[in-house]
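Before anything else, here is the set of structures, which you'll find just below.
Here chain A shows up in two complexes: once beside chain B, once beside chain C.
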Partner chain A sequence: MGSAYLARRLGSAAITILLIVFVNFLLFRAMPGSPERIILRGTPNVTQERLEAARERWGLNDPVFPDQFVGFLTATASGDLGFSFVARGQTVSEVLAQRIWPTIILFGLGEIVAIVVGLALGAYSGWRRGGPLDYVGNGASLILYSTPYFLLGMILLLVFATTLGWFPSFGMLTAGATYDSVWDRLIDFLAHLALPLATVALGLIGAYAIVMRSSIIETSSDDYVTTARGMGLRDGRILRRHALPNAMLPTVTLIAINLGYVVAGAITVEVVFNWPGLGTLTVEALTARDYPVLQGVFLLLSVSVVLANLGADMIYGRLDPRVRT
Partner chain B sequence: MTASELAIVRRPGTSRAIRLGGLIRNLLRRPDGFFGLCILVFFSVIALVPDLLVGPLQTPVTGLANDYPRLAPPSLEFPLGTDELRRDMLNLTVHGARVSMVIGLLATVITVFIGAVLGVISGFVGGRTDSTLMRVTDFFLVIPTFVLAIILTSLIRDLVGSATTQILGIRMTLIVIVIVIGITSWASTARIIRSQTMSLKERAFVDRARVIGAGGSHIMSRHILPNVVNLIVANSVLVFAGAVLTETTLSFIGLGDPLQPSWGQILESSREVGAASLGAWWYFVPAGACIVLVVFAFTLLGSALDEMLNPRRRARR
Partner chain C sequence: MPSPLRARALRTLAAVMLLVALLVPGSAPALAADGEPLVLRAGTDQDLQVLNPWNSVVVADFEVFTLNYDTLVGFGQDIEPVAGFAESWEQSEDGLTWTFHIRPDMLWSDGEPATAEDARWTYQLVLDGQETENGYLGEGYLDGYLTNAGVTSVEAPDAETLVVTTEFANTLLLQAYVPILPKHIWSQYTIEQIGDVTAEGFFQNNPPVVGTGPYVAVEWEPGSFIRFARNENYWGEQGAADEVIIQHFASADTMVQALRNGEIDYVRGVQADQFDALEGVEDIVTVEGFANGYTELSFNTGGNSEGYGGSTSALSDPAFRDALGYAIDKEALVEAVLAGHGEPGSTIIPPFHTRWHVEPDNPRTFDIEEAKRRLQTAGYELNGDNRLLDKEGNPITLRLTWPDSEAENGSIAPFLVEWFGQLGIQVDAAVTEEGKLIEDVTGPSGDTPGGNYDIYMWGWVGDPDPTSLLDFFRTDQIGGSSDSYYSNPQYDQWFLDQRAESDPETRAQILDDMQQLVYDEAPYHILYYDSELHAYRTDTFGGWVNQPEENGTPLFGYGPFGYTKLAAASAEPSPGPSASAGAQSPGATSGTSSPAPTGGGEEPASSGSNTILLLAGVAALVAVLAVGFVALRRRSGAQEEE
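Let's turn to the complex of A and B:
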């Protein structure tokens, strides 16, 4: 991979992350109530001297730019995101660390299922364009694409948890349950995971199938596919060996770009199923107006999306020699 | 390409009525366009005259009398059942159409306005202005704007306080949502308009205008803008679908206004009551179906318009 390409991508990602921190800084300054009052919230007998001492202690008497911003930037870089308003004594980083794994498990698995199923569905319906599967698959993809994730979740909850009673309806493990073995615990976890996972996967499949379908339709009229047909290769082989690898290229970027939207869905699906991840944390923080935690979530999710995009660019650069300049 | 379509692209001076008439006729000939327009008309009528259809909006105070059932399933008297406050779900869902559609419409106006202005300036002026604006645009394209919207909405609400002012019959709390959606979702519009402006800039009529002494702002408003109106229209429809979805999601996580319930707000109340766990499907399925229908129809309509009006997509066919 060309080093210029690499440098440009890295530079652009770095600037975006810097902008994210800057926006976070602006939001902190825009918070209602002056900063020193927020710091001393809940402290009894706040005198003028104590306010002034707090201002001095936290550097609030320094110029906002660059001094305060540089301080904020250094703190953020070292993982110091401040303290939660609500969980007193806990740093934002600690609060986030407790809630990140459920989200990674749910969305990691959901993405994998959706990528495999969505791309396969899209590739097949695009290849057999106008066929019965294309007709049904494309319609279903469009409807799934128009459905908010949480609505999908509520319907799955209604059908499979309430009416049929196949799965538990909320949480990650049964509350207060004791397990005989690790396996029982795992089975309980998987039963709780099934519905939220299905929701995430179904929500994503629509978008991926639509992208893959149009990509494969574009590829199928390319010269090398015609050549492969002329060589008398079997249809399935042309699809797998010739059309598919090239049609996959645009989907790599699109999956990464879509991540930003997926995050919004993440939050709401967790709320429907009470899944104890970053999404439910966001809503809890929102209800309690816990701004530091909200900003921590924003920073964490934004930086992850930027890094994922950077990763996608790298993969793309490896797969497609034309962009390596 | 038909003659009327040609007129749309090449002659910005042609009477607007003729262009619009031709456009709608072409749209009605396509199945996706026809379906999309039908849904649009249906929900617009509902949103315009909800009071005529189901009477005034029922509130917890003006709800039904105490002898009516709570959370009752659909019956002849209440086709969509009742909620936990003995309100008629049909009444709430029909009134929700007005709130959801008006918020969607206002948010679309702001989004498209910001996107079009920045896109035209960025594409026309070029140079450092362009690279700075596009850096900001990329920022908004990449980051999860929804999380930013959550923070902004609650921050602005805390700053504005609980004012009871109404704009166009919409409460201040919802106006904040409109503004936040506008601020956070203009980026893709700006990108599209910018690339079209850049190709228009090289055309002969822009050179002619420049030669006879027209300034930059005159060229942008009188020569570039009329030529990107098509794109703006096609894009607005897609933006509207996105705005309705964003509003629904924001309301669902608790940023709606219970005094002016949108469809998203209805879904939120149903979650708080635990309707899905109680099997009270009538509480959220109708409002949910309305959202899906509107977004689906507008996505179809938007891509149909895009195919008809966007010179690039048309050339590919």
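Let's turn to the complex of A and C:
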């Protein structure tokens, strides 16, 4: 992979991130109602003196450009995203750090399961187009793909948690439980993880299977595949070694884009299962108007999407020599 | 021939199923067995934000510090003053000095002695907070309880006596929601570290929290739950729960499911439809309590006079406002907006305050014709286009707004547009962002015309003492907390009188007069009193008692009252009358786990049959798909080239 390609990609990613930070800065100040009002929103008996004092403290009396903007840039660059309005006493970085790992675990595992199962299902469906697995698999994939996450989650919750009682219905661990050993804790965690993971995985499987299937169908009619068959290579070998790598390209793009959304936490799944990740954090911050946290989440999400796309470009460049110029 | 890919897929599937099989047996929700702590699990839709009480804002924060700490004076079943940190108290002849007798031999949860010095230190902290740059401590929510009572100084002449001096006579100190903090922990921090969240070394007050309340916080997962353990050193009546967990839910649906499953015992913040669905479910009791607050329609009584941004002089006319009151069908609003879970509004002290609320002497009814008659008598005529004219001859157009944080007010707006429209008044309704709305309604101040609105809707939440709900009708508060700019010297005088009055009966009379006055002159039309919708299970805990007794809720009231009354459900059935909250589901006495009379075969069975239907439906769908496509395949199969 050429260094020019790499440099170009990195450059455009950096510029995008800078633009994102700039928009982030503008958003807070574009709100109707002065910022000091928003900061003091909950406080009773707000007098003009208190408003003035707040303006001073938060540097709102300085000119917006360059003072406030530069201050914002340097703070963001050093990881200081401000203080949460809602989780008073905690910085935004602390709040995000607390909530990011549950999301990464849930969606990371969900992605892995979905990739393995979805690609396999899609590939086999496409390769054996017209076979029984294809029709059932395709039908199921379509249904899963078009079902909103929260509906899928609620159904699983209703069936497996409420009615059958096999799994707990909320949270990441049983609140306040003490564990005799690491294994107990792990098992409790896995029990809580099962349903949200199933929801995420099923939703993604649908998407991946469909894309993979059509991609495989397309490649299976290519000349080199016909040649390979003519040469007497076994079906499975053709699929694995020749057709699959070429068919994977669109799916790789899809996976990479989805990875950007991992940290957004597909809000709905987390809310349904009360999974304490970034998704529930976003919903809470929206309801409570915790602007600094929202800004932080926005920044995090945008940067992850940019980085994920950068990753996709890199992988694509590696997989497909045609795009390296 | 099985392809390697297929084999691999099958292996993965087998692995996944094995994992699932491993999980299934070990994951049934654990029930408390003998010897294990009895845990009360309460679910709330509001997240605990901070453990430092000075920065507390939301109900969850207050509920948490109310379990950890005592207030100087406690709250009884009807929110009346009872023993708290102090056992007893007297007021001096001139009313300016309070002497509190602190309970002897009290210990903090860490074993240190709890004395009057702790109370003195805590109150002094509030007074010191007034001297800081901000002028208040933390978020400023707790200061008012002392500053509105006019506290000037506090002293502790000995370990069991606290003397508080006030600027004017009043009884507000008996309802002060200020937690008494352990001096030996908190005095290690500067006042900035206690109040200012951005200060270096800000004191978060993380668990284990040291207090004199019945429970102490021992574990906190921000965004998730907080866990309390019993305070072994508590001086008062202990509830049956060894541990309390307050769990936050992002979705009310999940919370209600968890209640149904028995994973939690109590829910606060249920939606109306879920509440209705829970009625009659076995082992679950629903309770509809009055909220300490209301939703109102406020008028800019300054109208278009100098310094005010109203659009017409009619707004300043009590007769006009009174007439409009006949064009509001409050019952319809409760039905439409709250699904029946609320009470039509009347006076400015909500029915939650069972000791002080009164109904109006001259109640209005919903009668459009009456409204028209009154408008005409007051001198408002219709012009040729059926538009109502004000006294200057201009057609009246009212701008109606509400904050974006109160979505249900948006549902009220079309009603008002319609009703007032029938009177010939055009209403332009539009939502306003919360911060901007605060700016619009505060004033007059400086150069900007105050009160840049005509009518708007918002709500107020009260304190244990009704004084805070009376404050914003005072002339003094124009430019402060007054958003209607109402001014009446008689009201102002009554306000001071009731605040200073220590005889409850005399005070009740003054409050009666004030409520009648404001009802008649109508700077606000109280639209409705919201209800708090809670529900709880009766199979783990009994002894659920409402606070206040009539139309209250067992938990999330004031003080730890409800928690201390809980008993284990395996004990004898709790006394009946405690469960007779006004709008409760029929026959739902708490404590016993006998099925509710109307409950026979309802929810559990139907949810079971719903699920079976669902499963059957899905299975049928899959089967149909498979069969259908197989049939289709037969037809086109011949053309497939392999």
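Methods note: the second predicted complex is superposed on the first by the 285 of 325 C-alpha atoms of A that agree within 3 Å, B and C clash if a C-alpha of one lies under 4 Å from a C-alpha of the other, contacts with A are read in each partner's own complex, and residues count from 1 in each chain.
Assume a contact is a pair of C-beta atoms (placed from the backbone, for glycine too) under 8 Å apart; a residue touches a chain by one contact, two chains touch by 3 or more.
This structure is a prediction, so every number in the text was calculated from the model and none was measured.
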Given the superposition on chain A, are chain B and chain C in a clash or a fit? clash
So in the superposed three-chain picture, is A:Arg240 touching just chain B, just chain C, both, or none of them (first/second/both/neither)? second
Taking the superposition on A as described, I'd like to know which of chain B and chain C A:Ser169 touches: first, second, both or neither. both
Which of the two partners, first being chain B and second being chain C, lies in contact with A:Ala30: first, second, both, or neither? first
More chain A residues touched by chain B or by chain C? C
Counting only touches as set out at the top, which of chain B and chain C does A:Asn309 meet: first, second, both, neither? first
Report for A:Val272: first if it touches chain B alone, second if chain C alone, otherwise both or neither. both
Who does A:Ile15 touch here: chain B (first), chain C (second), both, or neither? first
First (chain B), second (chain C), both or neither touched by A:Ala161: both
Given the touch rule stated above, what does A:Arg289 touch, chain B (first), chain C (second), both, or neither? both
Thinking of the overlay built on chain A, is A:Pro148 touched by chain B (first), by chain C (second), by both, or by neither? first
Report, in rising order, the residues of chain A that make contact with chain B in one complex and with chain C in the other. 31-32, 154-155, 157-158, 161-163, 169-170, 271-272, 283, 289
Chain A residues within the chain B interface of the complex: 12, 15-16, 19-20, 23, 27, 30-32, 142-143, 145-148, 150-151, 154-155, 157-158, 161-163, 169-170, 257, 259-261, 263-264, 267-268, 271-272, 282-283, 286-287, 289, 291, 294-295, 297-298, 301-302, 305-306, 309
Touch list for chain A against partner chain C, complex: 31-34, 37-38, 41-50, 53, 83, 86-90, 95, 98-99, 113, 116-117, 120-121, 123-124, 127, 129-130, 132, 135-136, 139-140, 154-155, 157-159, 161-163, 165-172, 174-177, 187-188, 190-191, 194, 235-236, 239-240, 270-274, 276, 280-281, 283-284, 288-289
Touching chain A in the complex: which residues of chain B? 135-136, 138-139, 141-148, 150-152, 154-155, 158-159, 241, 245-246, 248-249, 252-255, 267, 270-271, 275-279, 281, 284-285, 288, 291-292, 295-296, 299-300
Partner chain A, residues of chain C touching it in the complex: 3-6, 8-9, 12-13, 16, 19-20, 23-24, 26-30, 39, 41, 47, 49-50, 52, 55, 57, 133-136, 139-141, 144, 197-198, 202, 204, 219, 221-225, 227, 243, 245, 247-251, 253-255, 257-258, 260-261, 263, 405, 432-439, 442, 445-446, 480-481, 607-608, 611, 614-615, 622, 625-626, 629-630, 633, 636-637, 640
